[in-house]
Amino acid sequence: MKKYLCAGVITSLLIAGCSNKEDGKDSKVALIKTTDPPPIELVDNPETESFGHAIKKELAKKKELYDVAVIQSKEETLVVYKVKHLQRFKMKKIEKDMEKYLEGKYPDEDFVLSSDYKIFLETVRLKEKIQHKSISKKKAKKEFKDIIELQKEKT
Amino acid sequence: MLKGSRSWVFPAQPAILSTGVVGGPFEKKGKLAAEFDRFYDDLWMGQDTYEKANRVLIEDAVQIALEKQSLQKDDVQFFLTGDLINQITPSSFAARSNAIPYFGLFGACSTSIEGLALAGFLVNYQGADKVITGASSHNSATEKQFRYPTEYGGQKPPTAQWTVTGAGYAVVGNGAGLTTPGPRVTSATIGKVIDLGLTDPFNMGGAMAPAAVDTIAGHFQDLGRDPSYYDLIVTGDLAAIGRQTAMEMLKEKGYTLSDRQYQDCGLLIYGEDQPVQSGASGPGCSATVLYGHLLNEMKKGTYKRILVVATGALLSPLTFQQGETIPCIAHAVSIEFL
Amino acid sequence: MGKTPKTPEQQKYEKLEKQYETKRPLLKNVIKAFFVGGAICLVGQAVSYFYIYFFNFTEQTAGNPTVATMVFFAMILTGFGIYDHLGQFGGAGSAVPVTGFGNAVISAAIEHKTEGYVLGVGGNIFKLAGSVIVFGVFAAFVVALIKTLLIQWGVI
């Protein structure tokens, strides 16, 4: 009796958990593998204002990291990165270094840095949605705001 | 009759008339399963607490022992028993239900032989015609009492022992009118409390071995016997470590015993494949092995004279947490097939 | 709790007894603990990724539901009488992760259910785990105090 109850609870949890998203190829493996997403530019004239590509290229050279994603919007730029496993002990230092580098290079921009897998995953998801043109630019901006919110959550 | 400093000889030779031996599911898988009268397949034994289950074991074993001789409860004058649970309540509660005048005994795992020695004395000197004596233990109730909750995933060291779930009871009666030969209680030696300073509650065998050695040596001195008098000397629950230690200590005292001649109930009851670490323990260990296996072997003629030495560790969960050492005791009874 | 010194006789016996005492197989235990503990943590990591991937939790915030889920698993395994066997096999490997804490709480609750819910379960549920909570909270307090003082003095 108890066994069935437990099994029921677990399966229903799993079904409820698994059925809510249909993910693209990249976001399915974003937690595990290098996905190397191209930067997202949510600015009005990507040709002139964009520096997402430059940042990504520069940061990808850092040998502690193995994956970088950038979302650039008008107000702030989100830089998400994955740190190599054994370098994770030095996470604080890596973040400080990057902050210093970015502030030095683009003193007028606001940067939000994160090494969180969840933020990375959401970035990839957003990128996929934009690529498939399934959301409008306005909606994309809102989702970007949500990601920033999520990043600030502590508990 | 007192002989030497602490031994009794029973000239009237009280007889062990019948026995009742009950076990739990784990004992059913053991080596001696054929020697039990009844098994329970569930540790709860149809009760809602383990303490009640322990009481059921006692009631059943007593009932079986009485039925084998077609005795009524009124035919038995005294009930001598004990166990390990809080203030020996399972025994007292069993005495409430069977309404036989009752002596509550506490000698930890030596209770079975303490009871048998006293029963022999009572019957020998006409203090009673028939008494029923024995001991019981319940694995889960004892774990709860002395160690951690049963389901707690703590790792037990290889020195630990497994408390037997079981009860062994015997009716001891006046053997004067008996025509057929049977097991008789011929002498007993009462032990001193010995403490050689061990503190590990997961190594009872090691702590109790000196008590067993002291009692065995005392028995030989008091009665002027030597090990060759007995076909078998068996200790209660010293298990692997305690048995080895005891053998070594006996050798030092000049009593060399062979592996065959000296055995231990804690090593007899379970199979090698059962995860009991060092061996078995508990008042139920010596009681079930003696009143089941050993008496059956005597009836078959394997042994003519045996010396049973049950050892007990007289600690409580409180004393070892307060850093006290473990005082131990052992009582010996010789049983001869006459 | 003043310990009385051992008499020569006791010391002699201790030496003798030690010869026959089965030693804990330390290396074997350590290896088993490593793998059992590692396996439990692997499950924990999977649960954590599960929350990150399917729900709106970040690495930071996924910790709480993951711990709750692991304790839930420990509860089921304890209730079915599996965790104590795991503990005998894995030793510290199953005791140190949060599942060990869960097991300590739940086993005590099961054990004392026969004494009633208020004084039995309620009174004894933290019999084993209570000291983890007491010293955990106390240690956290001390560390926080030191940190606050160091910040006040401008050291960090």
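For reference, chains read A, B and C in written order, and residue numbers begin at 1 within each chain.
We take it that contacts are C-beta pairs under 8 Å (C-beta built on N, C-alpha and C of every residue); 3 or more make two chains touch, one makes a residue touch a chain.
These figures come from a predicted structure and were not determined experimentally.
If each chain is drawn as a node and touching chains are joined, the picture is a simple open line. When chain pairs are compared by contacting C-beta pairs, B-C ranks highest.
The central chain here, found by comparing per-chain C-alpha centres with the mean of all protein C-alpha atoms, is C. Put simply, the C-alpha centre of subunit A and that of subunit B have 70 angstrom between them. Put simply, the C-alpha centre of subunit B and that of subunit C have 37 angstrom between them.
Residue positions of subunit C touching 2 or more other chains, listed in rising order: 79. Contact residues of subunit C toward subunit A in the complex are 49-50, 52-62, 64, 76, 79-80. Across the complex, subunit B meets subunit C through its residues 48-51, 144, 148-159, 196-198, 203, 206, 209-210, 240-241, 244-245, 248-249, 275, 278, 322-323. On the side of subunit A, the complex with subunit C involves touching residues 2-3, 6, 17-18, 20-21, 31, 116-119, 121, 150-151, 153-155. The residues of subunit C lying in touch with subunit B in their complex are 1, 3, 6-7, 9-11, 13-14, 16-17, 19-25, 29, 78-79, 81, 83-88, 90-92, 94-95, 100, 103-104, 106-108, 110-112, 114, 127-128.
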